[in-house]
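These notes open a run of structures that come right after.
The two complexes that follow have chain A in common; it is paired with chain B in the first and with chain C in the second.
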Partner chain A sequence: MKIAVLSGKGGTGKTLVSVNLAAAASKSTYVDCDVEEPNGHLFFKPEKLKEKPVKVSIPSLDENLCSGCRKCVDFCKFNALAFINNKPMLFEEVCHSCGGCILFCPQKALSEKSKKVGKVEFGKAKDVNVITGIMNLGEASGIPIISEMFKSLKDKDELIILDCPPGSGCMAMESIKYADYCVLVAEPTLFGTHNLNMVYELVKIFNKPFGVVLNKCVEGENLSEEFCKGHSMPILESIPFDYELGGINSNGRIATFESNKYSVLFSKLLKKILKEVHI
Partner chain B sequence: MKIAIPVNEDKTTICPSFGRTPMFLIYDIETQNQVFLDNSAVASQGGAGIKAAQSIVDNKVDAVLTPRCGENAANVLIAGNIKVYKTTFNTTKENIDAFNENKLQILDDVHPGFHNHGGM
Partner chain C sequence: MKHLLILSGKGGTGKTTISSAFIKLSNAMAFADCDVEAPNLHLIMNNMGKEEVSDYYGLPKAEINSDICVSCGKCKDYCKFYAVKTENNRFNIAPFSCEGCGVCEVICPVSAITMKPKVSGELKLYKDSAVFSTATLKMGSGTSGKLVTEVKRQMSENAPKTDLAVIDGSPGIGCPVIASISGVDMVLIVAEPSVSGISDMERIIKTSNQFGVSTAVCINKYDTNLQNTKKIEQFCIDNNIICLGKVPFDKNAGKAINNGLSVVDIECNAGKEIKKLFLKVLAFLYRDNGGLIK
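Take a look at the complex of A and B:
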């Protein structure tokens, strides 16, 4: 079973919730899909077991065969190819590896070349398998890395927590594609509510069952809570804006292991989610 | 000699973005002929600088006057033998005059691109 934790913006508490849900389970796999800035490993400090490079195919030009017809450049909708001095010029980090230019080249001047875009690290921290996707700096898309991580997930019955990238773009979509349930983490501010709406729209499009965790809750007005009530969105839990929790978390420790209060809170949250998934 | 300048919708002021400018002013120094070229890259999801620079190359421009320029766009322009100068005024006229008097410097602070992370 795969539970995706997402939010419209960074810093909302995706990793806090993901790490603690994985820690609250007796046995789980934590997958860091936030490949641009994976940080779950900072909490689990896993023992590294293995590492796998992630490669994609990009075009390589044989200048002697190229007739300068420009078909490849005109085909590329990602603007990864420019046409200079009657030859295509490739911008590797803009290329999305669709392979179209290679197919379209009438001279067969383009061929596939392998390029490393990142890696996946597999580790273990007590009863939690920790899988971390790491994208190389400057790459345009982390999707190949996220897909690679999904390939390694086999056991269907195991509890898998997916710590998603922020936002509602391609990488968040790739991360929730196979999720059985989505947890939307939201802050109480107007900005937080706007970003909650983004992921709410996303899970509706993907037709995923979901629930909301309100984080950083303070006394008084909570715009995200009002938004949830207005849209009949289930609220799973409210996490307080708490000095103790902030302290534990900012020191790279896991609240579920350190604080009885939060051990209870995240165990309860996990149970609630599991119940929701099985309905 | 043909020069290109990223301009706003008002067709007189300089657009701060090269890749995502709504249009370019293409100006012929000798004939003083001017044409406004719609920037087809403006709505690109990515690679806007590359696409915009490509249309500048395709229009056989000799020099670009711009307040700034991303790395990829600069690489296309350089490969296309186009010189890039830094604008110092707000309007196209003032910059063209300055260019004619050799008062504009070559743009050397090429930035690594904003890639949807702000900058405007």
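Take a look at the complex of A and C:
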């Protein structure tokens, strides 16, 4: 079972919730889909078991065969090829690896070349399998790395927590595609509510069952809570704004292991989610 | 016009809080929100009147005409994005997976596939004496980098002659961030004193450096973890990056924002430090001119 934790807005507590849910389970797999800025490993400090490079195919030009017909340049919808000195020139970071230029070159002057865009690290911390995707700096898309991680997941892995990237674009979409349930983590602020609305739209489009965790809640006004109530969205838990939790978290420690209060809170949250998924 | 871009790597460190304060403090005539996947700046820039809204078309996406399709499966074989689905031997395109490369359109032997234009976001332009450009990605459309480029283009094309443009960026280091970095004069990174914040800051600094843009750091909520704040300051010294200021955690900041105000609109400690920070940012941005604007 795959549970995706997402938020739209950054810094609402996706990693806090994901890491602690994985830690609260007796056995679980934690997958860090935020391959641009992966942080879960800073908390688990897993023992590294293996590492796998992630490669994509990009075109490579044989200048002797190229006739300068510029078919490849005209075909590329991503503007990854430019026509310079009568030859195509590739801007690697922009290439989406669709293979069109190679396929349609009449001279067969282009061929596939592989390029490393990142890696996946597999590790273990106590009973948690920790899978971390790391995109190389300067790359535009981490999607191949997320796909690679999904390929490595086995059905026998009972509980899989997907720590998603912020935003609501292709990276977030790729991460929730295969999820059985989505947990939306929201802050009670005006910003938090606005972005909660966006991911709420996103999970509706993907037709995923979901629940909301409100984080950093303070006494008084809670705009996200009002939003949830107004849209009949299930609130799974309200985590208070708490200096103790902030301190544990900012030092890269796992609240479930350090504080009885949070061990109880996250175990309860996990149970609630599992019950929701099985309905 | 100098372009100042606010980035952070990690989300939620205070990009929009600081951007909005800088916009107020500089009385900026041109500003933009490039976080098209989770835009928020417009929520506290609410005296700008009515916005002009225009549709943003991303790459056209494939559509299969089932009357013409002979179910040969070639499109499915060649699609690198697994966007062609089959149901009872009928082929169709999963719109969320299609990236619009156009391979299937060319490979289809019976020309059953056409690329259809698709609205994938909404551009908004607020224009009175100042110009504010922002956009929202349409949910489910995916790629946001090109929309970020459009937001910046819209700002530049409509901006009056002015000295400073403030651009609020998005978290991460990938495509939308890279699109926002292109052509700016300075990146200010808002760091946060947590282990995650430090790790993410290091990755965004390296990314920004790869693109050769002048980069400086400030630390937000610095007093929530003084040890980690020290680590950030040490990292900056070791890597020859200037740290321009430290802003304390301030509950009033959140309250101001919930009321649609920027932090410098109210009397508070965070606001005071952001004012000092802003002067240092200007001095850095205009350092070739002795720190003077123009």
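Simple rule for what comes next: the second predicted complex is superposed on the first by the 277 of 279 C-alpha atoms of A that agree within 3 Å, B and C clash if a C-alpha of one lies under 4 Å from a C-alpha of the other, contacts with A are read in each partner's own complex, and residues count from 1 in each chain.
FYI, a residue touches a chain if its C-beta (ideal position, glycine included) is under 8 Å from a C-beta of that chain, and two chains touch if they have at least 3 such contacts.
These figures come from a predicted structure and were not determined experimentally.
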{"item": "Contacts of A:221 with chain B and chain C, given as first, second, both or neither", "value": "second"}
{"item": "Touching partner for A:91 - first (chain B), second (chain C), both, neither", "value": "first"}
{"item": "Touching partner for A:140 - first (chain B), second (chain C), both, neither", "value": "both"}
{"item": "First (chain B), second (chain C), both or neither touched by A:78", "value": "both"}
{"item": "Contacts of A:153 with chain B and chain C, given as first, second, both or neither", "value": "neither"}
{"item": "First, second, both or neither for A:10, with chain B first and chain C second", "value": "second"}
{"item": "Partner chain in contact with A:37 - chain B first, chain C second, else both or neither", "value": "second"}
{"item": "Partner with the higher number of touched chain A residues, chain C or chain B", "value": "C"}
{"item": "Touching both chain B and chain C, residues of chain A", "value": "78, 140"}
{"item": "Touch list for chain A against partner chain B, complex", "value": "73, 78-80, 82-85, 89, 91, 94, 140"}
{"item": "Chain A-facing residues of chain B, complex", "value": "41, 44-48, 50-51, 53-54, 57-58, 72, 75-76, 79-80, 115"}
{"item": "Chain C - residues contacting chain A, complex", "value": "8-13, 16, 35-40, 43-44, 59, 78, 80-81, 96, 99-103, 106-107, 136-137, 139-140, 142-145, 170-178, 192-197, 199-200, 203-204, 206-207, 210-211, 224-225, 227-228, 251, 254, 257-258, 260"}
{"item": "Parts of chain A lying in touch with chain C, wherever the complex brings them together", "value": "8-12, 15, 34, 36-37, 39, 42-43, 75, 77-78, 93, 96-100, 103-104, 135, 137-142, 165-173, 177, 187, 189-191, 194-195, 198, 201-202, 205-206, 218, 221, 223, 246-247, 249-252"}
